[in-house]
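Notes follow the structure.
For reference, chains read A, B, C, D, E and F in written order, and residue numbers begin at 1 within each chain.
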Amino acid sequence: MSDVLTQAIDLVVYGMGTVVIFLTVLVGATMLMSYCLQTFFTAERPEVTLRPSAAPSEGLTDPKILAALSAAVKKYREDHN
Amino acid sequence: MICIGVLLLYLAISKNFEPLLLVPIGFGGILSNIPGVDIAVGQGVLHQFYAMGIETGIFPLVIFMGVGAMTDFGPLLANPKTLFLGAAAQFGIFATLMGAVALTETGLLEFSIAEAAAIGIIGGADGPTAIYVAGQLAPHLLGAIAVAAYSYMALVPLIQPPIMRLLTTEAERKIEMTQLREVSQIEKIVFPLLLLTLVAFFVPSAAPLLGMFCFGNLMRESGVVDRLSDTTQNALINITTIFLGLAVGSKLRAEQFLVPETLGILVLGMVAFCIGTAAGILMAKLMNLLSTQKINPLIGAAGVSAVPMAARVANKVGLEANPHNFLLMHAMGPNVAGVIGSAVAAGILIMFAGGG
Amino acid sequence: MICIGVLLLYLAISKNFEPLLLVPIGFGGILSNIPGVDIAVGQGVLHQFYAMGIETGIFPLVIFMGVGAMTDFGPLLANPKTLFLGAAAQFGIFATLMGAVALTETGLLEFSIAEAAAIGIIGGADGPTAIYVAGQLAPHLLGAIAVAAYSYMALVPLIQPPIMRLLTTEAERKIEMTQLREVSQIEKIVFPLLLLTLVAFFVPSAAPLLGMFCFGNLMRESGVVDRLSDTTQNALINITTIFLGLAVGSKLRAEQFLVPETLGILVLGMVAFCIGTAAGILMAKLMNLLSTQKINPLIGAAGVSAVPMAARVANKVGLEANPHNFLLMHAMGPNVAGVIGSAVAAGILIMFAGGG
Amino acid sequence: MSDVLTQAIDLVVYGMGTVVIFLTVLVGATMLMSYCLQTFFTAERPEVTLRPSAAPSEGLTDPKILAALSAAVKKYREDHN
Amino acid sequence: MICIGVLLLYLAISKNFEPLLLVPIGFGGILSNIPGVDIAVGQGVLHQFYAMGIETGIFPLVIFMGVGAMTDFGPLLANPKTLFLGAAAQFGIFATLMGAVALTETGLLEFSIAEAAAIGIIGGADGPTAIYVAGQLAPHLLGAIAVAAYSYMALVPLIQPPIMRLLTTEAERKIEMTQLREVSQIEKIVFPLLLLTLVAFFVPSAAPLLGMFCFGNLMRESGVVDRLSDTTQNALINITTIFLGLAVGSKLRAEQFLVPETLGILVLGMVAFCIGTAAGILMAKLMNLLSTQKINPLIGAAGVSAVPMAARVANKVGLEANPHNFLLMHAMGPNVAGVIGSAVAAGILIMFAGGG
Amino acid sequence: MSDVLTQAIDLVVYGMGTVVIFLTVLVGATMLMSYCLQTFFTAERPEVTLRPSAAPSEGLTDPKILAALSAAVKKYREDHN
């Protein structure tokens, strides 16, 4: 059997094996990840945690001030982003 | 040779065969074969595009980043077991590699192990992956490999259905699948990082391809860099596609392309697609034997990649058997799994055959 | 020298002289002349833009691709005979080349044949073509040639009308032309391929320029790669224009620009525009002698290129003679024919003088 | 007569000649092309031949299925094009 | 080290810390630390991005052009005296430079003068300026310097308010400022040219940075090249940001990043921000002593740059003291003045320490 | 005192000095510029001077012709810009 053929067989076994094992591990890891995330984040509504408004520490309560500020900030972000 | 360029343009424009790539590749092929002027060699502009984008690997990696930014992993996350289908369909890659080596053994053609690996990757049914691997392992075959990969991806609606009908029973094709669950944003954010972590541990040689892919996907899903994600999906991938296509076209020069090896590559590429399709379907049937939650084996064929054409073919064949059977979303899982699978295979091929 | 940069900016911003190019060129010229810092030489950023984009020819070729994607060959296809006008107007290029050589003979200035050819191309009235040719044949004159080309293109509304009135009678300017026929999509698709085929046979040295031009046009007309065509006409051409302009500006350094040759180039460039305009008009009159279907000789002036300014000037002068005479569409035929004609001339100049 | 002058005259004659001949040939070729295409394609409405829908082999006839599929495909193309 | 990349991604995605840069930098940092594959060294794609964009200085200069195209000098032109605040806040840069040298004197760490200068520039609170200077003076510290600069810019809402409250009285924070006058378009057009002229005369070494900045701003304000300006503000700056971020990430390799110097840089960077903030506020108070037209000293803190975060912080702290006190527009003047000031300082540092 | 320290002190003095002087000069120059421009351009409405229509020399007066031309030019500019 030629050298190239031996190499090729090695490569096929090793390569196909790696692909299958890798994706099998990925199936497990993905299921585990989804399970964990669904368990931990369902109750607390992840979007809120994940996407704070751009200025989370503003802490302003007067809606009129907030609106004025928002407009100005929006204008600036458009200009300067 | 110019006729082949014109043929590619005809197929792209008139038959809608992967026009985004085949228009630049075909036109580049024509330019490369104009006698009396150096466009695809030396200081010619197409050769400069080739040197700066394909020799370096940058163009296919940037395209892959763009594809990542366009990919929705939702269907895959909703049903991770479809990753097995994406794994099985990569058997086409390795079977073709063996076929190329077997051809060498018979003495008909002569392919080194690196060349055989580059030919095998056509079976991955993923354009940028094929160009990346061929550019690293067998640049002189890049033209034929890229043309084969994109042509067969466009031909998926003709290649796959007979195999699908042959390997499945009417009853199997009628299987309806339950609707996929909603996938939360945080799962979509964590998945590319999880994927990259596993790549780093198990197949670091696939990290350039899958790293850029995951980066693009993270930009998409993170929601905080929408302007980068939009540009990646539009201006950047379009610009890169134009130059990538022209650069690939520079490899369609007659003296490199009109050789017996090209015929071998075209035949082997077709075999790769068929075997990949069959392997995906058979894996789905095997999974049905082992599990109570049945899957329609047609979606196994989508494991070859060829996003989103293969998924649409699965959907169409499914509808023929059962007019209420919408498989499109279910087939997207194995479809993107196939992209991951062939990128992993690409990493192994480059590591193994690049040093050989 | 910085004053010249400021003058270019003033003309661009206040007089709207080809601002897309003259703003970057003028600003680049200012940056290049700041003493005590290397911006336009060595590792300076403008010199890097020059080396990567103009020495290689890539920037003007990409611009030309973008111009192709913006060009509608409809009016030309509806009346192909206007190509003759585009041919005639290129006489300005060769007359100027002779002028430059004649100046050398007198001993006033000294231009090699390559330099004379690069100066002649100003008469082509096409910015990227002029930059491409000058970058290949006479990089040290690139600054003056680019400034002359774009300035005179902007001055077309002042330069051409007197010549047009001088060479035509009131009766000729009143000639109304019949409406152009509709051109089918398939003709528009086939035309760039036909053009490229003829280029490949007759003037392969023009293939880089016209190849990229035809590629851009095919992307536009094929209708299957709209996202590539859109990006080519917007993000890609804009980005390239910025860097091209800055790179050209790097050639406006005082020691290269403030030389007697620059004055010669400016004078010769003006002569080139005048002769090209006259040749186009006279060719139109000659065609009227030989054919029964009369054309308004004013549209001959549009044969110089300077798209779309020259066509608009022809329209305006026509309207002055006859308020019902709308020549704009008719003048677009010779206008784009002039682009083809000067690209062909550019190919010949590069082949002939590049080796000389 | 100097060498450069001789060269220049050669270049002018050759160059201007090529430009004129080339564009003359192009006039002829363009008219021929237009004639042929108008003859062959006028009857059969070229747009139909030239711009097949992206999935010409679908061959579905039930409009409701087609609509559902179209919507899904459209969604996917937007995401994955 | 991969954990640090993940941490940066977490801060960017979850806490919205400068995500446009920290997502690419963090992801690039992860990719760079995958063992067994060369991504950030040799022929690896991230190292190629670094070599083509940061070693050459092109990426930060293009970003600076984009920032220029996004900057409205209106508030600064309406109240030019706020330039003094932008000058004062640069004291943070030089104080930190002294701090780095002092650390060297103590023997704790060892920084050369070039390294000390590169660390000092963190106090400029301007990302592209910091990357440009570090790339020129201390490439091996680039990772830490970029991470520090962007992190602290994101932390401005936490860092600055305590210092602002400490250094101002309640009465000072309540000062209301008169509304800014309208600035005409011609002033906005002339200003970038004026600025460039002064740079050319006084600090030519700052001309690359401020030249590109002024060019971007001139494109914006001239009104005649809107398509170039739009592309600069969108596709071009986004594409460059992606590659810049990944290239910076290539400098987060553990062996370069996990060194004692990084800790020193992080500490010194924080000190730089604090001193810069304090200097701006104190300058505002000094100006109030000398002038009858009072300014609110809070806007002095915006002189550090960190556009537009620092201006928003000034606005917020002002509102807390006086609910009718809208300082945002007033703070934009010192904010963009800070950009100019740190670019000038960058030019001096490069000239002085680049040759040393 | 070490060499580096001497250098650093020099750099601080020179650098901070340059920044302050430069921005002081810029304040003066900007105020002068604004004063000049406001003086010279207020009366004559700068926008008119600064933003001529793209074809300032057209000089057509018949509004109907102008409208027809504008439409055609607009079309072409969209195609050919």
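Everything that follows uses one rule, which is that contacts are C-beta pairs under 8 Å (C-beta built on N, C-alpha and C of every residue); 3 or more make two chains touch, one makes a residue touch a chain.
All values derive from a computational prediction rather than experimental measurement.
Steps from chain B to chain E, taking the shortest chain of touch contacts, total 1. For chain B, the chain with the farthest CA centroid is F. Among the remaining chains, D is positioned farthest from chain E, on the basis of C-alpha centroids.
Centre-to-centre spacing of chain C and chain F amounts to 28 Å, using the average Cα coordinate of each chain. Centroids built from CA atoms put chain D at 24 Å from chain C.
Here the CA centre of chain A is 43 Å from the CA centre of chain F.
Of all residues in chain B, those touching 2 or more other chains are 13, 16, 189, 223-224, 227, 234-235, listed in ascending order.
In chain D, the residues that reach two or more other chains under the touch definition are 50, 81. Within the complex, the chain A residues that touch chain B are 2, 4-5, 7-9, 11-12, 14-16, 18-27, 29-31, 33-34, 37-38, 41, 46-47, 50-51, 81. Remark: chain B residues 56-58, 61, 189, 193, 196-197, 199-200, 204-205, 207-208, 211-212, 214-215, 218-219, 222-225, 227-228, 230-232, 234-236 touch chain E in the complex. Taken together, the chain C residues at the contact with chain D in this complex read 76-77, 80-81, 83-84, 86-88, 90-91, 93-95, 97-98, 101-102, 104-105, 112-113, 116-117, 183-187, 189-191, 194-195, 198, 202-203, 223-224, 227, 337, 340-341, 344-345, 348-349, 352-353, 356. Residues 2, 6, 9, 12-13, 16, 19-20, 23-24, 27, 30-31, 34-37, 39, 43-45, 48, 234-235, 238-239, 241-242, 246 of chain E touch chain B in their complex.
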